[in-house]
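For reference, the structure I am asking about is given below.
For reference, chains read A, B and C in written order, and residue numbers begin at 1 within each chain.
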Amino acid sequence: MLDLFIKTVTQGLIYALLSYGIYITYKILDFPDLTVDGSFPLGAAVTAVLITNGVNPYLTLVIAMAIGAVAGLCTGIIHVKLHVRDLLAGIITMTALFSINLQIAGANMSLLGSDTIFSLLPLGDMGLIYRKLLVSFVLVLIFKFVLDLYFKTKNGLLLRGTGDNENVITTLAIDSGNMKILGLVIANAFVALCGAIVCQEQRAFSATMGTGQMVFGLAAVIIGTTLFKRFSFVKGTTCAVMGSIIYKTCIQAALSAGLPANLLKLITAVLFLLILIVGSIGHKGEARS
Amino acid sequence: MIELQNVSKIYNQGDITEMCLFDNFSLTIPDGQFLSVVGSNGSGKTSLLNIICGSIPIEKGKVIIGGKDITKVPEYKRYRTIGRVYQNPAMGTCPSFTILENMSLADNKNKRFGLTSGVNKKRIDYYRSELASLGLGLEDKLDVKVGSLSGGQRQAMALLMSTLTPLEFLILDEHTAALDPKTAEIIMELTDKIVKEKKLTAVMVTHNLRYAVDYGDRIIMMHKGQVVLDKENGEKERTQVKDLLTIFNEISIECGN
Amino acid sequence: MKKTLAVIISVIMIMTLVFSACSKEDGESGEGATYKIGISQYAEHESLDNCRIGFIDGLKEAGLVEGEDFEIIYQNAGADDNMTLQIAQSLVSQNVDLLCGIATNSAIALYAEAEETDIPVVFTAISDPVQAKLDSGNVTGTSDKLPVEAQLKLIRALQPEAKTIGIIYTTSEPNSVSTIADYESLADQYGFTIEALGVTSQAEVTQAVDTLINKGIDCFSNLTDNNVVNVLPAILEMTNEAGIPVYGSEIEQVVKGCVASAGIDYYQLGIKTGMMAAQILTGEKEASEMPYETIEESETYINSDAAEALEIAIPAEILETATECSD
């Protein structure tokens, strides 16, 4: 029981990295970025191929991030420079990535028997469950601090300002389009990182593993921000992490309760709706007081 | 100096709703001039500002600022020397940022937006004194989110932010229209003070004929993309609101209103 | 505002309760001689369902009684790759005695999760266990590698004049890719050329059918490719109109209207897997010592109605041994 709880939290933590990405595109830039469904398996494909070829699993994370960033760059350029609508720009990149991912990986891959970031750490005979928890916790924490710090820098202010009021950024003589591209680059680097770690965790790359990731990330971010926005000291990144853990816990609870997986999506949708309703009720209450 | 040379602006070109607003329009605004632009709706006042700032493209002609042809320069680059305040107070500030963050952002205009701290603590006293000059008590609310301020307070912030760093031109797009009369008065006086102190070249579009008469040193009235009245200096000083109203009415009758 | 917050917190608490209650219940029911077996199946799909039913019957055939000797916890990932790992985690945490993975993705997730425990994993319906790296460790099972040669022989017997066989497959599916390679290496021997066309999703399949029909192929041959099999009725409608026979890869496809198939019986495959599982459960053998198995002999299935409609004569010696699938 405790093991399952730890595993579920670990899942939430790993996917929190994806939530960071969605937090940047959706919450900060107000950009519904469907690239995610393609850049997530992109990270997985890159890490799978590199590990199979004997590259250090940690190094593969860095490379996956860099390549994910390129995917974000593509969507950004398609949207900003070629003036394609945000949703469509993401769909175009996502579609292209489906083929690209298969070109990279060949076909679905199994990583069983290979070393991963979890197994490589010199932690003695610590069990895999705890290794996964530790590694994902440390990664999530490091990137949380990095992001929080970044959002406070001048450049971070610009990025947040671009989503908050693009017009202000333009009158500051800054090309807000470039800021959007930057946001997409950072976000998709995180998404690809998450894909790479998930691939190492479940030790398989599958071409369709990206399906629904954007929706998951949206749900996680919205759940997190809706539940915790009342507490002004809770940062957006923390909300993204909490949302991700809550989402994965709900799924695991439903699974453990013996609900058929085919119904899970429906349950997710209902849960999502409930949280949105509860959130908006809270909003009205705030407005009255 | 701002110069518009033979500018043509056609909306919805090639469409059934095609409308030629400016045809061979020219206007020169010398350095240091405070120009008020009045005119009925659809007369081309706001389009004039948008053409100067590059918010909308033009079909023909040239836009020259400070002797440089900027017709092809993208909007954001033009704001290096231009500050702009909009009619909607929400347009000029970032609502989810605190007052301090908004001031810091504006203070960094034309500098590098790198990875150093977004808020420079050493400048806080300076921001306080600037905010105090507005007389709205904002200097004590540095950590308050701008989104929770009133429209007047936000517009005052927007004006302050757009003129915080050195600039040459100030574009005011009906910036008092959405405010109550008292706040509008405060903002208008503040505007006049800033324009005079910083010796700016300013273009103000307004529906308030009294402001157009009371402030600035030149007044033009636009109608259907043309200047139908242009008075400066002594002539402008003799112009009164009722004179403007008379012309307004003549135009309106012409249009059958 | 506090109220809504309280509501949310209580919802989460209730869910956690349900969560723990469920697992506790499972923990308690694991008493006595009962073996607990967790089954993770990748998708709802007739062949895979047959595997599962066969697996349970295989356990019974080995002398175990459901309810007394073993109980099944069954979960289906609904073809969602992100569910396979969470299902695996859920099953492992319920202290099962054996895990059964049906189809590649589910089996890999089970093994990845069970690797550190001593829970043995048995898989079935995997074409290439070596590629899936499930050929060593505390894991064994059965492969559903298609009898390609038998299928080519069958097509040659039913269509002596045929030259080109069209095959549609999903490019991301390693099982399909390796089977295509088998087809291509054996085709010459039987005087065929293979016209293989890859798709990336189910939505592209019917278009691919049109493309191949236009190329003038003589027949279609199916793999066990989910994207293709899922839209089989639509494919058959198109091919029947064009008068082109389709050969299936297993019994269910022939039942649905394919002319014939030299395939494996997934139910039998399941039984074989179930019997292997029983050996592991009773301690007779260790999974790590058992190599994965394949079904050697292929079965021939025919659908006389479909054959008749397409004016295909079925030789008597095939009719003798084949299983009739038309109703």
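Remarks
One rule holds in what follows: a residue touches a chain if its C-beta (ideal position, glycine included) is under 8 Å from a C-beta of that chain, and two chains touch if they have at least 3 such contacts.
Note that the coordinates shown come from a computational prediction; the quantities given were computed from them, not determined experimentally.
Chain-to-chain contact here is organised linearly: an open path runs through the chains from one end to the other.
Each of A-C and A-B has its own count of C-beta contacts, and the greater count is at A-C. The distance from the centre of chain B to the centre of chain C, with each centre set as the mean of the Cα atoms, comes to 69 Å. Between chain A and chain C the centroid-to-centroid distance comes to 32 Å (mean Cα coordinates, whole Å).
Averaged Cα coordinates give chain A a centre that lies 42 Å from the centre of chain B.
Shared contact sites, meaning residues of chain A that touch two or more other chains, are absent. The part of chain A that touches chain B in the complex is made up of residues 150, 152-158, 160-161, 164-165, 167-168, 170-176.
By the touch rule above, chain B contacts chain A in their complex via residues 74-80, 82-84, 86, 90-97, 101, 104-106, 108-110, 112-119, 161-162. Residues 1, 3-4, 7-8, 11, 98-99, 102, 106-113, 127-129, 201-204, 206-209, 211-213, 216, 227, 230, 246, 248-253, 255-258, 260-262, 264-265, 274-275, 278, 281-282, 285-286, 289 of chain A are the ones touching chain C in the complex. Note for the complex: chain C touches chain A at residues 1, 4-5, 7-8, 11-12, 15-16, 18-20, 22-24, 27, 44, 75-87, 89-90, 92-93, 104-105, 108-109, 111-112, 115-116, 131-134, 136-137, 171-174, 177, 200.
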